[in-house]
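Each of the two complexes below includes subunit A, the first together with subunit B, the second together with subunit C.
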Partner chain A sequence: MLGRGLLRGFFETGRNFCGSYYDPARLTTVQYPEEKLAPQENARTVPFLVYDGEDPLAGLRCTACTICAQECPAHCMEVVKDTEKKADYLGKMQVKPRVFAIDMSVCMGCGICVEVCPFDSIKMDQVFELAREDRRMLLQLKDLAKSNAYFHQIHPGEAAAVDEARAEEKRKAQAKRATAAAPATPAIL
Partner chain B sequence: MIAAPPEPQAPGLGDFANHDLLEVSMGPHHPSTHGVFRMNVVLDGERVVKLTPVFGYLHRNHEKIAEKNSYLASIPYTDRLDYICSMTNNWAYVLSVEKLAGLMVAERAEYIRVIVAELTRLFNHACLAGFLLQDMGALGTPLMYAFREREKILDLFESLSGSRMMCNYMRFGGCRCDLPAGWREQAAKVAADFVFFLDQFEALLSENEILRARSEGVGVLPRGLAVNAGVTGPGLRASGVNYDVRKVDRYGIYDRFKFRVPLGERGDVFDRYMVRILEMRESVKILDQALRDIPAGAIMDPKVKLRNLRPKPGEAYGRIESPKGELGFYLISDGGPTPWRYRVRPPSLINLTVLEDMCLGHTIADVVIILGSIDIVLGEVDR
Partner chain C sequence: MSALDSIFISTEHWLAGLAPAGVRPLVSMLLIIAGLMAVFGSCFALTTILERKILGRMQNRYGPNRVGPCGLFQPLADGVKMLIKEDIVPFSADQAVHFLAPVALTAPIWLAFAVLPFGRGMSAIELDAGILFFFAIGSASELAVFMAGWSSQNKYSLLGAMRAIAQMISYEVPLVLASIPVLIAASSLSLPEIVQAQSGFVMGWIPRWNVFTPWGLAGFALFMIAAAAESNRCPFDLPEGESELIAGFLTEYSGFKYALFFLGEYLGLFAVTGLGVTLFLGGWQAPARWLEWLPSWGWFAAKFGVLIFLFIWARATLPRLRLDQLLNFAWKFLVPLALVNLFVAVAWWQSGVWQFPGALELRWLLGTGLLAGVYVWLGRALKGGKTAEHHYNYAE
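And now, the complex of A and B:
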């Protein structure tokens, strides 16, 4: 019969329309500016730099090795090394960045910098309301540095794993230093 | 007596010069052209007598950028080729790098790749069917039903890779990160629910008299022309040619799954729509098998290093069955850290070359749905 398919389609549409009033799971939209969905743990937007402790510049994990800047597909990072070395959490003397700038209007949020960073220093943020009235989105060190507590807040699983690995490294380094500082008598004898 | 001057002829129209013809520039900012695509259409009344596709408005120098970047840094750029199906683009690229450098892939990663690729196929075909119906005038409803399902799959992709559309997930030798806890169960649920969605979608549309009247016998692509023009994907299979790279090449681990390749008969718009619906049903079957059999283990081959990859001089062509057709990457290495030549074989662009042959003699309203049934994404056409 001509029109049977049409009627069947109308029936489906009607069923869908009514169903959305009975089943709360069917209401898939949220009222965005007032209501926001919590981001998933893995979600990533733009990079930031992690620091330990209270002082953003002193506690910075970054050692200005520039691997991230070399690997960045969009070449949106600039890293300049500082001239003096400071001791890091292992007691090793490391250079810190004097300039660390990311052009957020070029960054595409791919996360390759995070993947290649050997110091767990650069991580992906979850802020997404990045729109501005002007186009100056070149972020400097002071804008990029965010605390480890913040990292724990947005990526709890990953942050815990990083902290554990770093604590393990620190314990090993201290043990090594203790053996080096011990008297010359070998322990085996 | 002075001879009458010859009648003025419109330039460049040849045999059609004596008719009242109208040349229309359709696009690039036309809602039905699926992006920034332009067609110069010559119309006789409402019938198309000549059609010239014009593209390049979205050219972003993809291939040259990739020749300047390291092998790793090109992966996020491949997301942006066909920006609907980033996972399959990743796969085609890493497959060719693996061929070029002779790398092995971790077993678990192979399964994850199949799972995400089939999920991609599901929502690409669902959205295409929605867009096609939108082009026919079914404003909103079918497209929104398709987008509702797509949203569930994009949520899965976000919890897996961190980004909904620009996933940047696969790496040569495996994948970037393992499945989060509970992901597999969620994916199984999405796949199971998708069957209900397909039933609903078909009840809504497949028997619809208006859809059939508009699409049957429209935009017929003859089998011979499809093969000669190099058309691949659902468009080729709708013309009745049994060619699916998943079956022909059996790349990855596709030889382990049982699925069938749906074929069309007439090669019209309706067949192309129906082949995609049937393909989604087969994809759900592959998903069920892959989610059931996925082994535990590492997701990266331990011998692979991502940074400073310098493959030996040589060339490789890796191809996969992306939702739009055969997507291939051709790479030549000269032993350096960047590819010496990097070339994409985009299915959208090559499928677009038969547009004029399919449109001739049809009305301008049919051109819109014929274009819709080819399934193009301009990010891939223009690169």
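And now, the complex of A and C:
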């Protein structure tokens, strides 16, 4: 009969109205400044630099190759190479960045820098309360460097995969060094 | 009449008495106007916040709760926002008409409050043809809407205004037809007398309100539906259907003029709701004899609040109609039903002379039977043919 659907609709909204008062679980609103949802693992905002160990500058994975700065569509990165080389985790001598700055007011969070980085050094962060009164948000190396433990905390799956790959690489490199150091076996031919 | 019941009247008399004798009628008039504007102005502010909160609750949200305790100062914040916005008048608009339209909408609606009896002896002027005055004033808003739409020089404004005119004229017919039985029952056009005609109790406990008769119940439903359409409320708010028309005739209005339209819309709703209370719900009469110690204006306010809540509930529930559905609903469904209701009311009135036992029950049965029969028949007859089942690619 005409009007039955209307009554059903009225019943539904009426039930919501009463229900939202005695059953707070119905209210899905998160009242943001007071309540915050934990970010999802896949949430990505702006890039940061990962370092291993305790010292941010010594343990930095970045080798100042500047691929990220060249690929960045917004040109928001500035990378300046240091003059001296230091050994990385594989024992290779690598340059470290002297200056690594990202203008966060220009960065659009596309994540291209993360994709092109061959050293798993630059990763996406989950900080999101970046609003501020002045427009300048030029973050320097000391602001950007964050520990691997933090990386594990925000993206556990990705961080574990990266750690595994790096361990594998290290093992291979050590094995190669061991074979290089060992007396050469005569060739079969 | 208790002191509390007549508190507004005695306060007004006392205040007017302070003025010198020569200007006393003028002061008294101004006091009544100020009182009405204060009460319904704050009612408007309160309704905007309560409406948003209730809508929120009906959608399992909190609604506004940031400004002040429980968000109660939200209307103040909205008012400040509206006032400090830039008042934009389109270059090609008819400046004078564009300026006058919001005024022409809001001013007559205030006049409609003049004839409503808000309590025992509490109507600003007791016109013999009060309801006629009310409908005459109510139809002035159509002119204002068309002024707004035409002067804006904007296709959306014009289309919105044309829709609004079509809708308001169409729904005025069932609105008036639904109230005619009440006039027959009270044999008066004066609103205080209509309230007086609904005093007393049937069988000692059922109030003699019009809504407790077959024609009154149907008339009340018709009246409420037509009232929602008349005041452009959801589900009949398609003059400002933003999915098709941006904001209809409000498109070119901003700032305080927009706020005036908003105010006018709500005041129109209040006025027509007050009329509904007066015509069908016994006005300021208490629903039971032992509740008569409560002030009459309190009862009016309570019934008024319930009806406003019903409108908000409908807004939270019903989706917007299409224009052809809207007009078909008025002309093919509401108008025939209102005419049948008129017939039932006359028959009810004529069969009042029946004296045999069970006469009241028989009258009820015949009245509701006829109305329900026509309702079901119209509902079936107007149902369109079965359309092909539509599959939504992305919504499912």
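Note that in this section the second predicted complex is superposed on the first by the 157 of 189 C-alpha atoms of A that agree within 3 Å, B and C clash if a C-alpha of one lies under 4 Å from a C-alpha of the other, contacts with A are read in each partner's own complex, and residues count from 1 in each chain.
Simple rule for what comes next: a residue touches a chain if its C-beta (ideal position, glycine included) is under 8 Å from a C-beta of that chain, and two chains touch if they have at least 3 such contacts.
This is a predicted model, so every value here is computed, not measured.
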{"item": "Partner chain in contact with A:71 - subunit B first, subunit C second, else both or neither", "value": "first"}
{"item": "Partner chain(s) touched by A:14 [first = subunit B, second = subunit C, both, neither]", "value": "second"}
{"item": "Partner chain(s) touched by A:3 [first = subunit B, second = subunit C, both, neither]", "value": "both"}
{"item": "Contacts of A:28 with subunit B and subunit C, given as first, second, both or neither", "value": "both"}
{"item": "Subunit B versus subunit C as contact partner of A:83, first or second or both or neither", "value": "neither"}
{"item": "Touching partner for A:40 - first (subunit B), second (subunit C), both, neither", "value": "first"}
{"item": "Partner chain in contact with A:115 - subunit B first, subunit C second, else both or neither", "value": "first"}
{"item": "Touched partner set for A:179, first subunit B, second subunit C, both or neither", "value": "neither"}
{"item": "If touched residues of subunit A are counted for subunit B and for subunit C, the larger one", "value": "B"}
{"item": "Subunit B/subunit C common contact set on subunit A", "value": "2-3, 6, 9, 12-13, 16, 28"}
{"item": "Partner subunit C, residues of subunit A touching it in the complex", "value": "1-3, 6, 9-10, 12-14, 16-17, 19-21, 26-29, 31"}
{"item": "Residue ranges of subunit A in contact with subunit B within the complex", "value": "2-6, 8-9, 11-13, 16, 28, 40-44, 67, 71-73, 108-112, 115-116, 124"}
{"item": "Contact footprint of subunit A on subunit B as seen in their complex", "value": "69-70, 72-77, 79, 141, 145, 148, 151, 155, 158-163, 166, 168, 176-177, 180, 200, 203-212, 306-307"}
{"item": "Subunit C - residues contacting subunit A, complex", "value": "54, 57-62, 313-314, 316-318, 375-376, 378-380, 383"}
